[in-house]
Every structure is written in structure tokens, then in C-alpha cells.
Amino acid sequence: MTENFEPTIIGFTCNWCSYRAADLAGTARMKYAPNVRLIRLMCSGRLDPTFVLRALSSGADGVMITGCHPGECHYIEQNYKALRRYLLLKRVLKGLGIEPERVKLIWASAAEGAKFASETTAFVEEIRKLGPLNWGKARDQLPVISEPIQREEVAA
Amino acid sequence: MPQMTDERVRAGLMREEDLSLLHEVSMKTAGVSRLEMCIQCGTCGGSCPAAADMDHTPRMLFAMLRAGMREEVLRSNTPWICVSCYHCVVRCPQEVHIADVMYTLKSMAIRAKLYQDSTAPHFSQTFVGMVETFGRGFELGLASRHYLRYFPLRLPGMAPMGFGMITKGRMPLAPRKIKHMTQLKAILKRAKHLELTS
Amino acid sequence: MSEKKLERVGVYVCHCGTNIAGTVDVVSLAKWAEEKLKHLGVVVAREYKFMCSSLGQELIEKDIKELGLTRVVVAACSPHLHEKTFRTAAKNAGLNPYLVELASIREQVSWVHTDKAVATEKAKAVVAGAVSRVIENKALEEIKVPINPNTLIVGGGIAGIQAALEIANAGFHVYLVEREPSIGGHMAQFDKTFPTLDCAACILTPRMVEAGTHPNITLLTWSEVVNVSGYVGSFHVTVKKKARFVNEELCTGCAICQEKCPKKVIDDVFEAGLGYRKAIYTPFAQAVPKFPVLDKENCTYFIKGTCKACEKFCPTQAIDFNQQDQYVDLDVGNIILATGYDLFDARRVSNYGYGRLPNVFTNLEFERLSNAAGPTSGNIVLRDGKTTPKSVGIIHCVGSRDKNFNNYCSVICCMQGLKFAHLVHERTGATVYNFYIDMRTAYKAYDEFYQRVLEEGTLFVRGKVAEVTDAARYEHEKGKLIIQVEDTLIGKQRRIPVDMVILSSGLQPRHDAKAVGKQFGISCSTDGWFTEKHPKLDPVATMTEGIYIAGCAQGPKDIPSSVAQGAAASARVLDKILQKEVALEPIKASIDHDKCSGCRICNGLCPFNAIAFIEDDQVSDINPALCQGCGTCVAACPAGAISGTGFSDEQIMAQIDGLLFRNLLPVEA
Amino acid sequence: MNKYLLYPGCSLESSAKAYAESLNAILEPLDIQLEEIEDWNCCGATEYLGINLIPAYSLIARNLALAVKQMDGAHTLVAPCSACYLNLAKADHYMQERPALGTKVNEALAAGGLEYKPGTLDVRHLLDVLIYDVGLDAIKKKVTRPLSGLKVAPYMGCMLPRPDYKHRWSDHEHPTELEDLLRVLGADVIDYPLTTSCCGGHMTQIGPETAFELICRLVAGADERGAHLMATVCPMCQLNLDAYQGEMNGYFGTDYHMPILFFTQLMGLAFGKDPDELGIGTELVSSRQALMHIGVEVPAAPEPTARRKKEEGLPMPSRLLRNGHKHEKEAVR
């Protein structure tokens, strides 16, 4: 199963460094694993841990959080806040019975297209090894996602 | 196609596989060697208190590693002259672990049987032999074996010193042995096995 | 069940020639979007060769008008490239520009993947994410704020002076704040400037005088900025004018007080510790302004209660022992930080012996030593004050390019080292050695100067000096400083005895750069220099609107580059002033006061001090002009009371779902 | 009473007996307790590292593992020998820096039923503990026979201040700790720029010409600056400078007579101990003449004069770092 398993991963990027790193990887035609789908935030500090839980509960097998290197945040120091939340989030995931390794924080400057590409591929392989996310009973314990997915009803 | 003569190899036209030499040395070194970071500034060669006796300065050795000059590097007396004073290590602007790289080169040279003058390897091996037998150093045993073989002419000059050391009780005539020699031997046996398999 | 009216969404897939179409099946992608995303409100999906072309844009504009689109998704390149293009197109067609989203299927899909099927599948996800998100987008309006035409410049070195003169000459007012008693900065301390060897004072003094007398420039020397608030267009700044104990109205700058003051003090600042000044002093003869400063810590009157020699001899009764620090409030529209650099403390490289071996000098000491106005009147002598050296060693890269100290190249040291070699050679005829790792003489006329110094007979040794010692090994080394180095070009260690050693200490960020950055709301790089908005294309702007940087505060640089940056920063400021008002991106956070519990968690999170607590209402509030839109407070609010326009929870949640196709098909309960 | 674990090292049983004796003599007045690790083995000096990597580190780590067994609240492992100190500290450091090495070493240790988790112990040199734990003030209080009039060259050697993984010393090149200690004992400390130059290490055994050159630099440097004797902190330095001084003189045709004592011997003397108790007399270059300077009657200590007092000329820069700190170490912290 895990042999053919293609994980789906949501990646959060900041507008100033890591999104531009992804742009650079593209401009330089660097190839990397196609499993990561990116969301642009203005800053990694915008990352609400709920987003990560929402992604994992909506079908993502892993979440990649990227931001500017410490000391290089375009909003001075907000990436440190992202780091703190990330560490906390890992503890929460552990509590929910989810492998904390499914979430990874990566620093990438706007100049580090190559790093972005190689880290992405490496993370996909790590998640591939972990296998598909198996929520078991954990999904029921999720207090943070109170709002049901509404748009399904619209379509129904 | 011209032939790859020894001269050509020495002139820098390397066989491809030798380009892995730097990486090999780096991987065999304890800690993180940072060898690939060398900028050839010469701080090491300038700092070395024994540079005058070396055939290559450490800096040159690192350039030769990059060029894949395996034989020349392992034949060099430089690692054996290194006195482990760590001047170069703390001054190196690129934080290369120079002294530890020297230890690696020594062990590689011993294994490749390339270093010409056997004095230094013999001393190290005799010393280690004592430690592996007794668990502690034994200066008199070491000195007598080593000097008789390599420095017989030095002995007359050293006699007063040796006599002084013995009469002042600074050189015990018998070795001391640790209690749990079997335990130490078991550890070293396993360690040697790990060294070969890694 | 839900009666929510569907938005009318148009999806436009760009081929970008073969850039996208070569890897993504654009035709089936558009078809898929039209069919499978219909339930989200997609009413039309088209593909076209070049969407950014005028024909492509017209296609979108036409659909907006004719099909009554309320949202647009363009699947093309990175938003950093063409977001503005398509937003403008929407605006032209009467749609609010913020109701357009770009789906990056070039940089993030076609250029980085090879398998067409896989790439097309990922492109679908990216489009689905963008469609889901755009539905949640809100119409936004740009915020416009007026620009106060006054400018604050912090730092009166050559970069700050240049910027001040450019703006003042254009007819606008400048406040130039300087920490030291006089403007001039490091350049005023130098003797000659490379590569042309003009005398620093000769070219700097006229600029200083011009700045000092310009009707549009208010000089605030012996002053420091203590508080900054506000935002681009209207900053409020408080400047502390330290007490000079000299009444500037009365003082004529005759310098009699300095002459009569009995207290001699080692001048650690201007004379780099190599000379003396009085307790009441101007740092140098051409100081601007001409008024002296009384140094309270060293003044005999302040220490012992008697003396007052300066007061007695002052012909205009300008000495005022009761003067207090003053606080001046300024309103300005833009700010330029030109705060300069500190010299690396050469004592830290203990193997070079500075502070231990008397005849080891720093570069700044040598500048004073060779300066005709310096403590030795320009005589290059040893620390005994009289002996001319017969041999001099100049060591490059002291504290620079060294992971034990500063990792970066200090840029100026090679040329400075060459300049010193020339001066020593010219004035003493001594043998000069330059010890270098790499000779970096880029830029106009620099390498020619290197050639000239070579021609003069300076001896170059390629090798980073290992140590400078007074421990002689041989007779000829006795009484000398021995420079021990590997001459890497011959592969041998050399010991070179010299009389004098000059250390080219590197440049490093001001010791308080981080605090100053925080005060003005800008960041520092890992090395500690102020961070520019873009390293290549926007080197003098910062991430904070209205704050600019110039000179060495941004990174090591020489005089020409500092001057260029000063001028560049002033051009950016003038551009802002002439626009009279500035439009701010409407990506901001705002607080729903009904939901805010007043916990104040967000208050400390904002690096731009945009969040304030309103005591009367017991809620927090965000100043939209200060908010830069990072969204950290949005993520942190435990009550969910803060929302971020452009990046709201709803938008991001919807995009997550879209990317995962979660909202693609109805799921049976 | 502060308890420390002690790794004495082979030399203290043989060539550096005097170090062991003098150390014992000063423990009681300074209120320190040293508990020797049971059944410790040789650290391999600088020899084993050049032959085999994993066996060399396993040999060192066995001592660390044994020490952990005896910890009982004590975290510091003290080594009086600089080479032993460096080896023990290095093993601890590299097992952390290269976890793969740590794993292999522990695999080897397991063959002897042992284990060492890097970072468990604080490996420190004796001088470090005396200066930074006991403190100069406490030492000063015990001085009953100030060494005034005795000109001492402070010799720190290499492996103590370098590479200094944990930033314990004030400087890599010119650390002042030994100098400060000797001054507290009342000695006239000479300006000795060679304080961290190399003694030759094992080169006395394998390349005597190289070693003689290095020994000569040190001894000549001390002699030229008027030292009566040199104070060392390491058995190997003491051995090279003392035992080989005669041969070195023969090689260069010089006639230096520079006694080499351990700093603990000088502490013992300053504390009023009997020279016999301190192993004085076991050095090959006799210190009798040098010690006559403090022998009979102790003259009143003259105020030490500034080394380079200058009335004229250009002012000297202060030795303090610009931020007011004395040492790089403090500046970094």
C-alpha cells in the first residue's frame, strides 16, 4: 500500500521568502515532487494552527509550513511566533494520536529555490514512509473545527 | 587519447574516482570536519609551530585532498609532525577541524601503508599496544622498545635523564594493570569490528 | 438548505505559449473547471494562449461585462508577476480588483513537474483552491494617507549629509539628527580617500558647511531619537537634545573655552583614543556646528565644584552650567536612517596583540596618525611618539570573513590597506608588507590603484596572518613585532619582523542597531545590518513604508556607494513628497469590538505597534495605517475577533478545502 | 564540601607523581573532595586517535561511563592533565556533534556492559575548577607564605585553552587565568607571550629535532624575560620541558637551567606546606636555587609596577574590550 501511496500535502508559504523561493524553483525549472499544494499567507505568523488541523482533517497527509529564516522576517520577528506555534502544535498532534512528523517547519529565503525544492521532495518522502494519515477516533476529538463543511450542502 | 602517466596524474589530471577523497576524509573524521569550507587562507600553515619540518603545510594538504592526490597526501609527513596544539583550529576562519583531520589522515596512511618513515606510526602503535595490554600507559616499556629501535644513538644522551626519572621515582619499573581488563578488551574488540564495518 | 446566492465565477487558463500548455493539459483543465466546479458558481472557463496580452485581458473584461461575473480566477503565472495586470483589467471592467485571484500553475506546476497527467491533476487542485478562495474574497478599497513634506534623517555622516542636501535643495525641509557634537561621521576622521587620494576634509568640509547653513536643514547634533510613532506620511518623532552647557544663541565658536579648559581627556571617539581633547570641545576644527560641547563626566567643575575657566574666559557669556536636556517633537512624512557602522574591536583577535603590543595600531588609529590635523600632525610614528618605522605590516580582513567573528567581507579594507601602503611608503620610505587573503579591488579605478601600489614596491604576501608576537626567536627579530604567516603562494611559513603593524579592522553594525531598528519598525539581517526591501531592486527602501536606509547602516560600503545610497534614498523620499498622498495596500487586520474580550494578547504581538488598547471601551483596536497586514494577531486572537482582509480565515479555510477537492463532490452523511 | 569526580591519568602515577602529591596537599585547605573513578583506563593520549577512530573514542568513553556510575550528585569530572582533559571533553563533544559516532561508541561500550549519554558529565580541568569554583578570593585567604620575589613564567600549554568546546577560558591565545592565580599567590608574574605555545607534545618521542626547537623557544623565552621558573598545568608539558631540557641543551649547545613546577606545587608552597610534601625535588632541573628567592625571609611585597608605563608618546589603547569586558568570553555571554 505504502509503495504506491502518493501523499497529499498542503504547504503554507509566506509572501516574502518561501513563496518567492517556490517561484524561484519554478523559474530555475528545478523539479520536485508534485504532492505539495501551496497556500500563500503574508507571513508565517499568520498561520493559525487551526489551518493545519483543517488540512489534516480534510484529507491532507501532511502539512509543510515555510517562512523566512529567523532574523530575516519581513515583519521583523513574526516567524518566531510561527515557530512557537509550530512547537505547540506538534504537542497537540501527539495528544491526538497523530504523528507530529506530519507537520514540518522549513525556513527558506527568497534566494533558496533549490532548498525549497529539495526540502519539499524530502518531506514528501518522509510522509510517504509514514503512510496515509489514519485519524481513527482522533477526528471526533477535534474541538477546533466546529464549523461543518457547508459547501457540500450547497451542492447537494 | 594521451595516456594517464603518473606525471599527468600528479600534474592534476585526476582519475574521476579520486575526486571523492575529500568527502572520504571528511566522513572518517570525528565531529563535523568542515573540510570543504577551506578558503586556502593559510592561517593553519602560518600558525603551526612545527611547519618548518612539514613537507606540506596543512593548507596545501587540503588543496591536494580537493585535487584527489590520494597517494601524495598519505605519503606526507605533515599529519605526523602535527603536535595537536590546536592553534590552527581556533584561528581557522572557516572553523575547519584541522587537528582531527590530521588524525584521520594518520589512520588512513597506516591502513594504506603509505607513510615512509615508520617512527611515528610505530610509536603510536606501541603506545596503543601497551594500553590494550595493561589498560594504562607504561612509559618505561614504551621508551625502551621505541628508543632501542629508532633512536639507539640517542640513548647515551638520554641516559642521565632516564636514570634521574627512575631514581626520583618518576618512572615505575613495572606496568600497572587495570582490574577489568576483560571488559576493556571486549569493548575494544567490538569497537574495532564496528570500525571495519562502518 | 442554504439560500446563499452563488457568486458568478469566471476561470481563465493561460497557455503561456508552451510554458504551461507543454506540461498541463490546459484544454481539459478549463473544461473540467467549467463542469466540476459549477456547483461553486463557475459559469465560464476559457483557455487562451497568452492571458496577459491585451487580447487576453479584453477577453476577461468582456466576460465580466457580458456575463456579469462577480469573481475571476486566472490560472497562469505567479501573482508576483501579473496579479496587478489582471486586477487592473477587472477594475477597467467595473469589478473590484480584489475579487480576482491568481492560480499559479506555471511556477508551481508546469515548470517544476514533468508528468503531464500528474501536473494536470495538481493544476486542477490549484484552480479549485483559487475558486473556493475567491468566493470568500471581499471588495476592498485602497487606503490613502497624506504625506507631510518634512523629512527626518538620522545620522550625519556622508550618506546622511548627501540625502539631506538633495531633499533640501529640492525645496523641502529636513531635520538632520546626529549623536556626536558635529556632523561628518567617520569620513571626517580620514586623511585621504581612495583611489584618487583627495583629502577627506577638502571634499567633505564644503558639504558639511552647506548642510550647516542650508535654510531647509535643521541640524540637531548631540541629539538622539528617543521615540517614533505614526506611519508613512505622518510620523511623530521625539528627539532628545542633550545638554551642551553652551548657549547656541550666544556662542560664536571662537574656541577660547577649549584653549583655557585645564582638563585634558583621551579622545576615544574622534581621535580613536590616539589623541587628547579638552573637557569642553569640538571634536575637530572644521566641526559643524561650531558650538562646543561640555563633557559633564570629565568637567572639573561638575566633579569638584570649582574651576569654571571656560565661563570666565567666554567673551559672550555663552557657557550655561544649568542647561538641561531638551526634548524636541517633530512631525515628518518620511525617515532616512543613515546611522553608519562601528569598527570591529581588534582586541578580540588576541593573536594580533592589539592592546598588548604597543606598536600594533588599528586602521582608524592610523587614519588619525597620518592625518595632518591629527595628534602627530600627520607624522607616521610608533607609539613612543617619535620613532619613524622602517618596516610596516598591514593586515587585511581583521575580524572579517572569519566565522569566529564576522562572517562577511567588510568591502573597504583591501582598498584601505592599499591606501595605507601608499601613505607609509610616501611619507616614511619604509618597507611595507600587505597581508591579504584575496585582493578585492572591484569598481572604477580601484584596480589601477592596486597596480600603482605594486609599482611603488609594496610587498604583498598572500596569507591570513596567524599571529603577531614580540617573542623573538632569532637575533634579527629582537625588539621587533614578528608577523607569522604562511605565504600561501610559496607554501612556506614566514616570520617577518616589522616595526609597526596596522590592522584593517572590519566594519560591523552599530552596537544598538537592533534597538534602533525596532524603534523605527524595521528589521536587521542575521549579521545585524538593516534589511532592505529587496537586495537588488529596492536597496534603500525597507519593509516599513516611509522608512529608508542609506550608507553603511545597510551593509559595509565605501564612500562613493554611501553617497549614491544617500542620493537614492532622497529620490525615494522626494517621490513620496511630490505624490502628496500615498495609497496603502488594503491588506489589514481589524478587530470586531463586539467579539473582543479585551484580553490584550494581540497587543504585544504587533511589531509595528499598530494595536492599541482603548481603556474606555476595554477593547483593542488596530490602526490601519500602521498595520502591515502580516496577520499574526489574526492567528493569535483566542476570541476570533480579529479578521484580516485579503487573508481571512474564511478565504484560507476555503482554499484548503479546494486544494484537497474536499468541496468537489457532495459527501453522503 | 564540594565533591568532584577525578580522572587522574597515567602520568600522575608515574612521571607526574609530584603533581598528584601537591594536589593532595592543597585539597584539604581548599575544602574540595576528589573521588577517583574506579578502574579508569588510559585515555589514549594523542596516539590512539591517529590509528582507529571508534576504538579510540570507546577507550575514552569507558572512563566517562565509569564516572557516571559514581556520580551521586557530582556532575563534574576533573582531569589534572591537559591531554586527558581534552580527550574526555572531546569524546563528550563529538558524541553529541556526530550522533552516529555516539551510537557506535555506545554499541562498543555495551560489549562491556557500559553506556554513556553525551552531555551527562561536565568535563573540566583542575585549574578551571580552582579558579572558577573555589575562586581566587578563597585561595588568597589560604596564602601564608606569599611567593613575592619569585619570578614565574605562567605556562598554560595548548590543550587546555584550545579548542575549548565549552568556552571556559578567557582567551585561546593569551588566557589570564593562570597568571591571575599566580599573582594571588604573591608571585611576580612575568609577561610571557608564549604562554599557550606548544611544548612539542609527543614529538620528543618521534621527532626530537622538532621537539627540541619548541622546548628551546619556551625555555629561552622565559629565561630572557628573567623568569626563575615556569609554572605548568600539564604533566606532558612538565615532562617535555623538564626531562628533555638537558638533551635540548646538548642539541643546541645552550645552557639553560629553567626549573618547571606544577602550579599546585606553587600553591602548596604559598599555603606554607613543606616542599617534601609537594614532590619538590623530583624535577630534573632543580628548583632549589629558584626557591631560595622565597626561602628564608619573605620580604614585603612591593606593589607590582605597571608593565609599560609611559609618560610620553601616544596613549596605549586599553586592553579591555570596547564593551568594558575583560575577556572575549564575558563579551560573548
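The first chain written gets the first letter, and so on, giving A, B, C and D; residue counts start at 1 in each chain.
Keep this in mind: a residue touches a chain if its C-beta (ideal position, glycine included) is under 8 Å from a C-beta of that chain, and two chains touch if they have at least 3 such contacts.
Source: prediction; values computed, not measured.
Asks: Consider the two chain pairs B-D and B-C; indicate the one with the greater count of contacting C-beta pairs.
Replies: If we tally the C-beta pairs in contact for B-C and B-D, the bigger total goes to B-D.
Asks: For chain A versus chain B, what separation do you get between their C-alpha means, in angstrom?
Replies: So the centre of chain A lies 48 Å away from the centre of chain B.
Asks: How far is the middle of chain B from the middle of chain D, if each middle is the mean of its Cα atoms, in Å?
Replies: The computed centroid separation for chain B versus chain D comes out at 24 Å.
Asks: Averaging over Cα atoms per chain, report the distance between chain A and chain C in Å.
Replies: 32
Asks: What residues in chain B touch two or more of the other chains?
Replies: Those would be 52, 87, 90-91.
Asks: For chain C, give me the residues that contact two or more of the other chains.
Replies: 351, 467
Asks: If you look at chain A, which of its residues touch at least two other chains?
Replies: Not one residue in chain A touches at least two other chains.
Asks: Going by the touch definition at the top, which pairs of chains touch each other?
Replies: So, checking each combination of chains, I get A-C, B-C, B-D, C-D as the touching pairs.
Asks: Which part of chain C faces chain A closely enough to touch in the complex?
Replies: Touching chain A: residues 1-2, 4, 6, 39-40, 78-80, 104, 106-109, 111-115, 118-119, 122, 125-126, 129, 132, 517-518, 521-526, 531, 543, 587, 605, 607-608, 628-632, 634-636, 644, 646-647, 649, 652-657, 659-663, 665-667 of chain C.
Asks: Can you check the complex and tell me which residues of chain D touch chain B?
Replies: The contact residues of chain D facing chain B are 10-11, 13-18, 39-42, 44-55, 57-59, 62, 90, 93-94, 97-98, 101, 104-105, 107-114, 158-159, 162-164, 172-173, 196-198, 200-203, 205-210, 213-214, 217, 243-244, 246-247, 250, 281-282, 284.
Asks: In the complex of these two chains, what residues of chain A are touching chain C?
Replies: So the residues of chain A touching chain C come out as 8, 10, 16, 19-20, 22-23, 25-27, 29-32, 34, 37-43, 45-51, 54-55, 58-60, 69-78, 81, 85, 117, 149-156.
Asks: Give the list of chain C residues in touch with chain D in this complex.
Replies: Answer in residue numbers: 266, 273-276, 345, 347-348, 350-351, 354-356, 358, 362, 365, 375-376, 381, 383-386, 467, 469-471, 473, 511.
Asks: Any idea which chain B residues touch chain D in the complex?
Replies: Against chain D, chain B makes touches at 28, 30-32, 49-50, 52-53, 79-81, 83-87, 89-91, 99-100, 102-104, 106-107, 110, 119-120, 123-125, 127-128, 131, 135-137, 139, 143, 146, 150-151, 154, 157-158, 160-161, 164-165, 168-172, 176, 178-180, 183-184, 186-192, 194-195, 198.
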